[in-house]
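Two complexes, one shared chain (chain A), two partners (chain B, chain C).
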Partner chain A sequence: MNLYRIQAVISKEWREIVRDRLFLSLAFVVPAMLMLLFGFGLSLDVENIPFAIVDRDGTQLSRDYASRYTSSRYFDFQGYSQDEALLSEKLSTNELRAYIVIPEDFEKNLLAGKPASVQSILDGTFPARATTSKGYITAINTAYSSELLASYLSRTRGVSTAEATAALSPVSVSVRYLYNQSLLSTWSIAPKLIMVILMVSPPFLTALGVVREKERGSIYNIYASTVSRGEFLIGKITPYVLMSVVNSIILWLLATFLFGAPFKGDFLFFLLATAIYVMCTTGIGLVISVLVETQVAAMVVTAIATVVPAALYSGVLVPIPSLSGQAQVIAHALPAMYYTNILTGTFLKGIGLADLWQDVLILTIYAAGLFLVGYGLFSKRPRS
Partner chain B sequence: MKTLRIWFTRMRVMTSKELMQLLRDTVLIIFTIYAFTLDIYWAGSGVSLSLNNAALMVFDGDSSHASRELTSRFREPYFQNVGSLSHSRDTNDVLDEGQAMVTLDIPEGFEKSLLRGEQSTVQMQVDTTNTVLGLLASSYGQQIVGRYGLEVAMKQQGLSPDGSISGPILDDRHRVWFNPNQEDSWFMSIAELLTIITVFSMMLPAAAMVREKERGTIEQLLVSPLSGFQVMFSKVLAMTLVIVLLTSISLFLVIGGLFGVPFKGNPWLFLALATLYVFTTSGLGLVIATFSRNMAQAGMLIILLIAPMIFLSGAWTPPEAMPTVMRWLMLVSPLHYFIDAGYGVLLKGATLSVLAPQLAGMCILGGLNFALGLWRFRRQFA
Partner chain C sequence: MASDDDKSEATESGSLAVSARGFSKHYGKQTAVNRVDLDIRKGEIYGLIGPDGSGKSSFMKAVAGVLSFEEGTLQVFDTVVDSEASAELIKQRIGFMPQGLGLNMYPDLSVEENIDFFARLRLVPDQSLTERKSRLLAMTRLEAFRDRPMKNLSGGMKQKLGLVCTLIHEPELIILDEPTTGVDPVSRRDFWSILARLLREQGITALVSTAYMDEATRFQRAALMYQGKVLAEGEPDVIGNLAQGTMITIDVEDQTKALALLSEQFEQIEAVGSRLRVWVDEPDEAAAEIQLRNALGGFVVHHVECDTPGLEDVFVAKLRQEGHVVAELPAFEAGTSSASGVAIEAHELSKCFDDFTAVDKISFTVPQGEIFGLLGANGAGKTTAIKMLTGIQLPTSGEGQVAGANMSTAAQLIKQRIGYMSQAFSLYLDLSVSENIKLFAGVYGLDPSMRRERSPWIIELAGLQGYEKDLAGSLPMGLRQRLALGCALVHKPQILFLDEPTSGVDPLGRRRFWEILFNLARVQNVTILVTTHYMSEAEHCDHLALMYAGKVVADDTPDNMKSAVTAEAGGLLEVSVDNPINAVGVLEESDYKGAALFGRKIHLWAPDDESSRNRIQSLLAEAGIAVLGIRSRSLSMEDVFVYRVLQQEKAREQSAA
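The block that comes next holds the complex of A and B.
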């Protein structure tokens, strides 16, 4: 290792970056733009579900029951209808996601102390949305049922409604929400977006680094020079790592100031962990760059290796415990999951190295491993 | 007649040149096949966007029949009991370390107060670093406890001898259409296929174009008798052929074969729509290609467009919850239309007439993209 030679490679690479004005500006614009778009647009909440009601009973009680849905922020009421065929048609054209059928004799049965069945028909194309909507409907129905029972009990036993309600719920639950008491979804999304964007953008910056020289032929200057393999690769990735660290600070500022996510941890620890994570993702770009022969391949491989895992196997959209089988294996084999722990830890939980040392250690080993793989695959004596 | 024949010959020659160039890139081909088969299989078989197996830890301060009964009701698919705590004060630690997402704290004397008819309180602590799941977990938990309480009350109040719930209540019946058992694999495998198609149809034509510019071989094409349209369109044609071929393999072998997704509509209609979608998206790629001088620039521009397209078009998140401005913005994303059309055909059995708006959307966007790309190309090189 000769520091002088590394510095020479760095300054050569840096000059190449700076002289490509469009690329240089994109390197900083792309992460910030993605943060803005995702921060304002990406929402996992199931809300404003367009739905309709078929009221076959048309009594005061059935309207009272329907009002539980129409006043809920989770549902976006599209109107009453009697035509079920039309509604099911609308379900397949995505105009509706659900409709609810209140049967005949709804009021009569309930007032007589008999159960009444309420049917909900849901669009199941997006299973998570269907399950969540079903959860909302069940919650509304359960609440309404216990009110009905309580008023029935108070009528038949002659006790007050409050007493009847208390008698029917002998166990109460007190729920405490930790880390995000007011349940703001931007708080939970914004920190993880840093992970997503730093998973996608640094590999794209780096992926073309080596393969570009291979394709253009300028790599022969390196082959013929005194620069060793390690010096070349270190010099090659250093500018990209530094640029990505700068980007991560910009992303941190956007997350905390624009999106208002709380940062409870230690900023220096965050910066250190982020630098290691950025080395990992830059390293992914480096390995791809060394592995492939053409820039086209480098771009496609990078996209498939980063965009999809950043979304599915990282814990941003899907919590890791919900993954099964090989998806668990993939998630554990990628750096994103560990960094997600660090982000939620430093932002929302306010914990530091003492609790997160394992994740940091894994990322460090990962970064070193990627560099070694790149080093092993890169040869100054090409076979062809 | 003769000019027409020559025109087609030129197109054929150029298209086969593009195909040859693509097929000779071994790493790329291997990866492309992986993306359309194994990648989709993995995403479909392992990823679920619903709340499953939320890790639960219980501190049972009562150790009674009643507390064990309540604990046992927190079970799969929503909860997974990963262990019990010996001290109530440990709850914060296990939540901090992420060992559990939910903790349940049953106080001492729980059963006694139930038998006496007094109200008792159990405590649930929920990790809401993921708000949607936190909210779901707490809602499921509250329902489980509520139902348990109601059953106990039913017995105590003498409303029902065996604790089954009767009386004036709502019988909650659900019917889920298009995916009755909410199989995540049906949804995820299709979502992943749409994503992969997007990545390839955006990148391959754009990259083929930029490569010619970067290497200077574009000059050779310009002095040949080919028109600007032929140069651009042959690339799109070649890539579309490859992508649609792989899509059909993925559709019939992985999605239909391995996951057993029943195609409600005509799968060939899906492939026809996919072809249109690939054209539209390729047009977008070509526009990018005219703006970039080298592959690095093209790569960054592509990621700037493709990441929001994939994340925000509704493939992975429900689009209803997005702010209105973002929903409007997504009207320019071709994937937005293809998602509706794709699920419509495959799961809902939609026919071409139902999908007219989606078809129109893709056609308009595709036309605009090609027009813009061709105009910029001619201005740059003519």
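The block that comes next holds the complex of A and C.
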């Protein structure tokens, strides 16, 4: 290893990056842009569901029942209707996501002590949203039922409403959400976006940078000179690692200040862990660039190798323990999951190296492994 | 005995820079280099000559240690190169410049930054770097451009920068892969003279490849390669003996008929301007001339000139003798365009881009049926001129008539009457041969019956019988080029514009191409305007215009151009000496600035008289160099081109000063 030669490669690469204004601006603009687009667009909170009610009963009790929905912040009440066909058409054009049908004799049945059934119709195209909507409807319905029951009991048994309510639910659950008290999904999503973007952007920069030399033919300078494989590869990827670390700081600023995600951990630890993660993903780009010959191929392979794992096997959308058996194995084999642990740890939980050392260690091993693979595959005397 | 053998072995290998035995390189099933044996001695400039795809690059890359190979042994200096580790051992002693104009450098970096990068990679100490950099930049005259980004250099300057970068760590062996391809003749000469000076001053060894056969004389020894094999090896003269014969140039009445008659007996014959060049399989000049005169019978011969054949002629003769048959050309309909008189007339045409004048008031006239050559260095304005004449670009000022229509107002009409073929051959590489023809027929609005008539003619013209279903991209360059020509001719244009139509095509292909052009012009009366980098091709034209910095600086027939230069500069003398590398330095430093090394001989401009002979003799005698002979040489078009361009450059420098 000769530092002087590594430095020569770094300074040449850095100058090329700086002079190529398009490349330079894309390198910094694209990650920030992705953060903004996804941050504003990818909220998993389900609120303001467009909602309508068919009230066939039209009694005081049915109005009372309906008001439980119309006053909820989860539902955006669009109005009463008698025309169920019209509503189902609105469902198909996405003007409505759900409606409920209150049957005739709703009040009569309830007052007679008979059960009444309310029908709810939901748009099931996006299961997560449908499930959440169903949860809201069930919760509102349950609350209303137990209220009715409590008032019935207090009337018939002569106890107070409070006593009746307590008797009806002997076990009550009180929930306190730790780390994300108000359960805002941007809090948890913004940090995870840092993971996704840093998974995708460094490999792109690196793969394009190395393959560009191959495509142009300037790689022969490297082949024909005395610079060693290791020196070249280290020199080549260092600028991209540094650029990506700068990017990670920009992304961190966006996550905390723009999206208001709390950061409870140690910033220096975060930066160190991020640098290791960035080396890891840069290593992915390095391996790809050694294997392919053209910039187009480099882009396609990088996209496939990074975007899919970052989205599916990292715990962004689905928690890792909820993945199927095989998917869990894949998730554990990829670096994204470990960095996600570090991110949620530093942002929301405020824990540091003492608790996250395993994740950091795995990422370090991963980065070293990728670099060794790239080193092994790179030849200064290829077959063609 | 045994010890004697060992000793001679040792001295032998000690004097060799490169030694290859049974060297083969395969790419998949394709064989690029096929069992080649080569020795390159220390201190010599060794050439690999051959058309594209003959295996030159693969061999050079292997020598540079940047490509593995499958069979044979390769020794570079004392190291047997057989693995990545052993290849590393030789790299400090080697400089390698891969093929492609400036492609191995970094376009966004400045001249100086490029050099610094190469130097730092090789751990050149700062002090030596500063010293070498200023010396090499001065030698290549790039000193003034230190801070210019490499992408803004001209082709010739890029190539020189490449050379500087290759030399910055003072290698013992430099390997240059086609350093002169795509570079204009002036820059090419410049490049060779710099290389000769380096060899002289630093005693390095050079392995250089070229696709220009006429550059063979630049090497001390060379190998002629074709299809992965070495056809001949040794000093240029030795390679020249590959096929025995005489090249005869005749000026004869009724060129076309004479050509037809002679073609029956002599296979290797071509029309050059108004003359015919014939290869006669008879090394004795007198006997060869008699053979030719007998064959001509009753034709009146105005002038006969016998010559030792050039390497390109020898190469073609050798391939012909080995049985490479060329298919017959199809019949050309006589005089389809009855138009006579002026085909192209340019009057003070100019084209400006912002504050840059690409074409500056050019005027010339081309009669119908003439082959008109437009010569000039890269960036002289040739392509812009063609674009204006074909109606692709509007002129800033001036006017022109093309095929009887005004180029400013009737561009559409002109496009219907002309054919155009560009450097890139304008074919759709993922369409088949017949699909390409169909497409061009459709673009020009040919009706189906016309199309059925033209398709077979184009196939025959290009020699593509049996290839109709093949993709255009899979064809070798020569065939692809002729297909492009056929497509440009699909609508029977009166005028054909060809923009560097022969770059990258091997000598056989180029010969065939010019044969077609000759028939088009002479039989079919088509006017042809062509630009080229190959000066040997310029000799085929009836009339030439030489462009420099957007202006036409000479406009005449090739013969008249040559006699004008001879009248101005005296003739061209060829000096044979015992130490040519030093002698050229001595001559350059005295009044003979243009002295250039051609193999073991030196070419310089001087009147052919006693006084100049005596002066050369005494100059060299002072330096202790023996003169073996001085003789006058007839000028080539390249000599004319270089002379005129240098003259312009000098005038420009003076006016700038």
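Here, the second predicted complex is superposed on the first by the 384 of 384 C-alpha atoms of A that agree within 3 Å, B and C clash if a C-alpha of one lies under 4 Å from a C-alpha of the other, contacts with A are read in each partner's own complex, and residues count from 1 in each chain.
Throughout what follows, contacts are C-beta pairs under 8 Å (C-beta built on N, C-alpha and C of every residue); 3 or more make two chains touch, one makes a residue touch a chain.
No experiment lies behind these values; they were computed from the predicted model shown.
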### Query
First (chain B), second (chain C), both or neither: which does A:272 touch?
neither
### Task
Have a look at where A:258 lands relative to chain B and chain C in the superposition and call it first, second, both or neither.
neither
### Query
For chain A, which side has the bigger count of touched residues, chain B or chain C?
B
### Task
State whether A:225 touches chain B only (first), chain C only (second), both chains, or neither.
second
### Task
Name the contact category of A:7: first (chain B only), second (chain C only), both, or neither.
second
### Query
Touching A:20, do we find chain B (first), chain C (second), both, or neither?
both
### Query
Is A:217 in contact with chain B, with chain C, with both, or with neither (first, second, both, neither)?
second
### Task
State which residues of chain A lie in both footprints, the one left by chain B and the one left by chain C.
20
### Interface residues, chain C side, partner chain A - complex
27, 61, 64-68, 83-84, 87-88, 91-92, 94-96, 98-100, 103-106, 108-109, 113, 117-118, 120-123, 149, 165
### Task
Please give the residue numbers of chain A that touch chain C in the complex, ascending.
2, 4-5, 7-9, 11-12, 15-16, 19-20, 216-218, 220-228, 379-384
